[in-house]
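Take a look at these structures.
The same chain A turns up in both complexes below, where it pairs with chain B and then with chain C.
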Partner chain A sequence: MTKIIIDGVEIEADPKQPLIRACHDNGVDVPMYCYHPGLSPVGSCRICQVEVKQGEMPPRIMVACKTPVAEGMIVDTRAPKAHAARRECLEFLLKNHPLDCPICDKAGECDLQDFAFAEGQGEGRSVEPRRKLDKRKSLGDVIVLDEERCILCSRCVRFFEDVTKKPQLTVSELGSRSTISTFMDRPLQGNYQGNLADVCPVGALTLKKFRFQARVWNLEKHFSTCGECSRGCSITVEILRRREVKRIRPRYNPDVNKWWMCDVGRFAFDRFNEEERIEGAAVRDAQGRLVETGVSDALAKAADILKVHPSPAIVASPWLTVEEGEVLLALAERAGVAAAFVAPPPNDLADDLLHTGDPCPNRRGLVELGLAAISAEEALERIGAGKSAILVGERVVELLGEEALEDLPAALRLIAFVRHPVHAPATNVCIGVPTAVERTGTWINVDGGRGPIAAARPAPPNVRPLTSTLAALAELIQRQEAPA
Partner chain B sequence: MIPQVPTYLLDRCGLEDSHTLDVYRANGGYAALAKVLGGMDPAEVIEELKDSGLRGRGGAGFPTGLKWSFMPDPQKDRRARYLAVNADESEPGTCKDRVLMEKDPHGLIEGILIACYAMRVPVAYVYVRGEFRHPYNRVAAAIDEARKAGLVGENVLGKGFDCEIWMHKGAGAYICGEETGLMESLEGKRGHPRPKPPFPAGHGLWGMPTTVNNVETLFNVPFIVDRGASWYRTMGTDASPGNLLVGISGHVERPGVYEIPLGTAANRILEDWAGGVLNNHKLQAWFPGGSSTGLLPASLIGLAMDHDSLKAAGSMLGTGAMIMLDETACVVRAMEVISRFYDHESCGQCSQCREGTQWLHQIFRRMENGRGRMEDIDLLESLASGMAPAKTICALADAAAIPTHAVVKHFREELEAHVKAGCCPRKTARTPETVEAGA
Partner chain C sequence: MFVVKRKELSLRERLFLPEIARALGHSLRAIFKPKITRQYPEEGLPTTEVTRGQPRLVVKEDGAMACVSCGLCEAACPAYAITIDGQETDRFIEREPERFDIDMLRCILCGFCEEACPKDAIFMSDELELADYSREALKYDIEKLKRPKAALQKRIDYVYRINERWRSSSSTS
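Showing the complex of A and B:
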């Protein structure tokens, strides 16, 4: 480690990292556009100019992102000259910027807006016409480019070069005529395009799916973990008006996903916004119809069924958390049976960056608890072989196949802890469960890392957590057994 | 009558078939190479260069011997190493390297070979400006000729020295004349200059130790080696020895490329070599060494043409390309043209340069078209200060800022007259394209 002084405070800095990193790691704010900690520095935007004094030389203005840390360096980020240099730089950056913040999706989390507000001058001195370029240039299914807002920091170009290692974007033309483009205007490819909207420091690259959807300051942000594969990327779930999931973004985690996430995970939130669900519970009445009822009634009905038809087949969803798995195991023990979860075969999304191809986010956690991973076919066989069965967790029906459940003998007693009503004739009890954005818990990823999931919004009032409903069922079974 | 001064650079250029090996050899060509390979240590060659005081002719005027000595010791650093020859001559007004490549390509090749020997570099690349088709063909043919004669390739002159020379054609971008932009372009990438440090001597072409030299610089080398550093110092000044190729253009009687001892006063060059201002007009303004060195007023025409005298006057020797504007010319129009050039040629990496060059051009264009404002004059100065010095990756922003500073400093009245008159007071003929561009 190297000792340097930043704004009068002596700190220890990693000599392999650029000066800007030492500043940021020590809580000193230095603006940046072209620099991104996950990309190779190019030193082209020139906004991170700070004053550096080395040895006996007079202080010099240097770009912090391309200056290596050196022993004894004295850095002043607030020196008047450094401030003036950044201010000048901002004026140039804003000269052709359309300043359409009121209709820009980036407004509120835009680096250009923030730094201009912090250090820029109130009014521009330019009376020249601003550059007229394409305001909505599609770069494929995910991203749309606003060329006028682009400040040509080249982060997006370097994202494909450095992270996915498959370059797709380039700066074409020269000087003030430069634009970001793909080869022959072909659409972008791959599972990582969404990251461009995150690396873009301004509103030039935006997600088609998030375009004009919400003002970012109205979004409530909750830390969570992505459930689309066993990588378990750290994410932020962003909720509008405590109800609708509007955006999922990667959250920096040095051990798992760094700054990135795949598009499959990023756009897997529509199912959280579906209105249709069991808000409480439903049981089959004497006429054979599924009717809504209270959770307690439904649990009692389930316990009754299990008394008559003990030893149910227990099949869980791979989206179960470790905590839910523990309670489910206790229930299985009480019923004297084993529990398993459906593990679908690997999909073809695996790559060498993040996606593992295994759709079970908590495979490792559930297996370590003692739940067996079984295929959908085996699960259906087990269910069909017994007199009763318990299905647990969101998307378990989807994995087994609704049609396959329809084909189960009507004599079977099916108890389902699920989000949507299961209309199969075998269904006797349906109890609603919260989705991944409505509960807390832990998933354990493929490498054994613990990924917390957090309730980003409340579940409907009558939808109780799985840990609570499963525990209640276990207790009911115990109570029925006790007198005997 | 052109003054009689000792010359060497252009001596062979007037001969018939000067570009051929036979003529070159008949006039003492490749003697220096034979001398070097016959028993000079590489370090001795570099010492000779240092003693000669030769300064780079590409514009910055860095001492060549010192630059060569930055190359790491090949015993300790076993990486590949390269020489890149900057033949991308693209500074507006400059056409000196072109003459050398067309008329005396073997002189360049001999310079390359000696440089490679001194720096123990086995491979040299000649990066030729794309538009230079004839010079390119001449140098390529000369390399073939030299290869057949055992002067290029393996075991040069049977002395166990290997040196391969490759040619590369640029695509006409000004920025590829900047040494790191040139290297990027040679590597097959966009000509985006690289931040320095790391410097080319440690991390150049493909990350390997590289030296980049201008054509004219290398052309001086065989003469220095052959005739000695003390002979070289008989010409020019103490700090800038030797002769310089000055390409003089614009409103002069005899435009052309002349060989002139460094330190010669600019007015002598104008009067004695170039025959004075065209049509006996009065001189109004002049660029000492290409458009990047800025417009100087006629009152400074007495300045000596060497690195230090011009630097002291706030300008630069640059490439020694003098451009003369007589009293009928409009300096604002001249600035409109050259600022358009920088706007067009900025690579677009650095914010200040990309936006600043465009902004400067827009202001000069407005002024020339009669839509200037008084406050624009201070704005020009302020913008130029925001772009340079040394605020960007390469010196292109400086190249645009220096002429802007110069015109505000020396020709403020001209600018004010444009604003007041609401048009160009000289009413020089405007081309349809400027009118259209301003409309």
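Showing the complex of A and C:
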């Protein structure tokens, strides 16, 4: 550790880190565009200039992102010369930057907007027109590039060079015609393109899926964990008007995903926005129709079924949290059977960066609890062999296959804790469950790290947490057994 | 004890006839004076460009909305009366509102939306009347709010004039 002085305060800094990192870690705000803590510094935007005095030399203006911390440095970020230098850089960056903020999706979380507001001047002095470039250049299926807004910080270029190690973008052309482009205008490839929109300090690279969808200050941000693979990346779920999931973004977590996440997890929110679901519960009546009822009535019906047809096959979804798994195990113990969860086979999305290829976000947590991981075929076999069965958790029907459930004998009594109504003839009781953005709990990732999931929006009023409904069913079974 | 002694009225006062005649004289004179009442609603209220009526959206000469659904009026609105959803268009200005709702029952006609708008898209019109048979009908959607630019031109000119005065008095450079 090296001792340096930043704005009159003596601090200890890591000599391997650039000076800007020491400033940020100690609460001194230094603007940055080309610097990103997860990428190699290049010092191309010059916006992070600060005044540095080393030894007997007179103070000099230096870029904080390319200057390593050295013993005895005296740094002044607010020196008039440094401020003037930053201001002039900003004026050059804004020279060709369109006044697009009302249209731009980045407005509200844009570094250029923030620093222009904090340090820039109110009016431009330039009399020449701004450059005209392509405003809608498609870079593949995920990203669209607005060349006019680009300030050529090259963060996106370095993202592919440093993080995915498969360079795809470059700065082409010269001078004021410089743009970001791919080789021969080929579309971008890979599972990590969505990160470009996060990495871009301005609104040049935007997600096609989020384009013009919402203003960022209207989005409610909730910390959660991604459930698309067993890596369990830390994410922020962003909700519009307490209802619709509009965007999922990675959240910095040094142990798991750093600043990044894959596109599979990023764009997996459409199923949270589906309107169709069981609100409350549904039971099959004498005519064979599924009729909506209250949750308590449905649980009582389920307990009656289990009394007549004991030892059900219990099959859970791999999206169950540890807490829900625990309650499910208690229920299984009370019913005198073993519980298992469906573990789909690994998919081909695995890579050496983040995606593990295992679609079960909580495989480790559930296995450690004592639930067995079984394949869909084995699960169907178990269900078909018994007289009754309990399906638990979101997406369990999807994993087993809706047709496979249709083929089950109608004499079987199926109790389903699911999100969508199960129309298979064997279904007797359906009880609604909250989705991953409506409940709280923990997933244990592949390395044993705890990933908390948080309720980003309230569940519909009649949808009770799975822990509560499962515990209620367990209690009903016991109450029926007690007098006997 | 406090006793009020009434004045004894004279015969002339007890007759009341002279007083009635005097009142009729007043009425007769008022007939020939200029009228100061207004036959509302047949006769509308006088409005000027300073009148801050209900907000309306500008439709430009080429038929496109001036609004780009930036959401600043939504953010500025102290009564939370405005709800906006944007969508992409093929025009040069890439964004337009898909949904622009003003709940007129919530609107307090403060004019913050007009002040916040960076695109000269929302202006306080001279439309003041607000009556309907249901609450739902008073949640105005984009079709009810659209007005051609010419209809709002008087107010637009006024706002520009006021802004010019602000700028010249607060300018530092």
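As a working rule, the second predicted complex is superposed on the first by the 484 of 484 C-alpha atoms of A that agree within 3 Å, B and C clash if a C-alpha of one lies under 4 Å from a C-alpha of the other, contacts with A are read in each partner's own complex, and residues count from 1 in each chain.
As a convention for this text, a contact is a pair of C-beta atoms (placed from the backbone, for glycine too) under 8 Å apart; a residue touches a chain by one contact, two chains touch by 3 or more.
Keep in mind the model is a prediction, meaning the values are calculated, not measured.
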First (chain B), second (chain C), both or neither touched by A:V171 | first
For A:K66, is the partner it touches chain B (first), chain C (second), both, or none of the two (neither)?
-> first
Touched partner set for A:F212, first chain B, second chain C, both or neither | second
Go through chain A and flag every residue that touches chain B in one model and chain C in the other.
-> none
Which of the residues in chain A end up touching chain C in this complex?
-> 101-103, 107, 123, 135-136, 211-215, 217-218
Can you check the complex and tell me which residues of chain A touch chain B?
-> 42-47, 49, 61, 63, 66, 85, 88-89, 91-93, 95-96, 125-128, 151-152, 154, 170-171, 173-178
In their shared complex, chain A is touched by residues of chain C numbered 68-72, 74-75, 85-88, 93-95, 118-119, 173
Contact footprint of chain A on chain B as seen in their complex = 173, 175, 190, 195, 343-359, 362-363, 366, 373, 379, 382, 385-387, 391-393
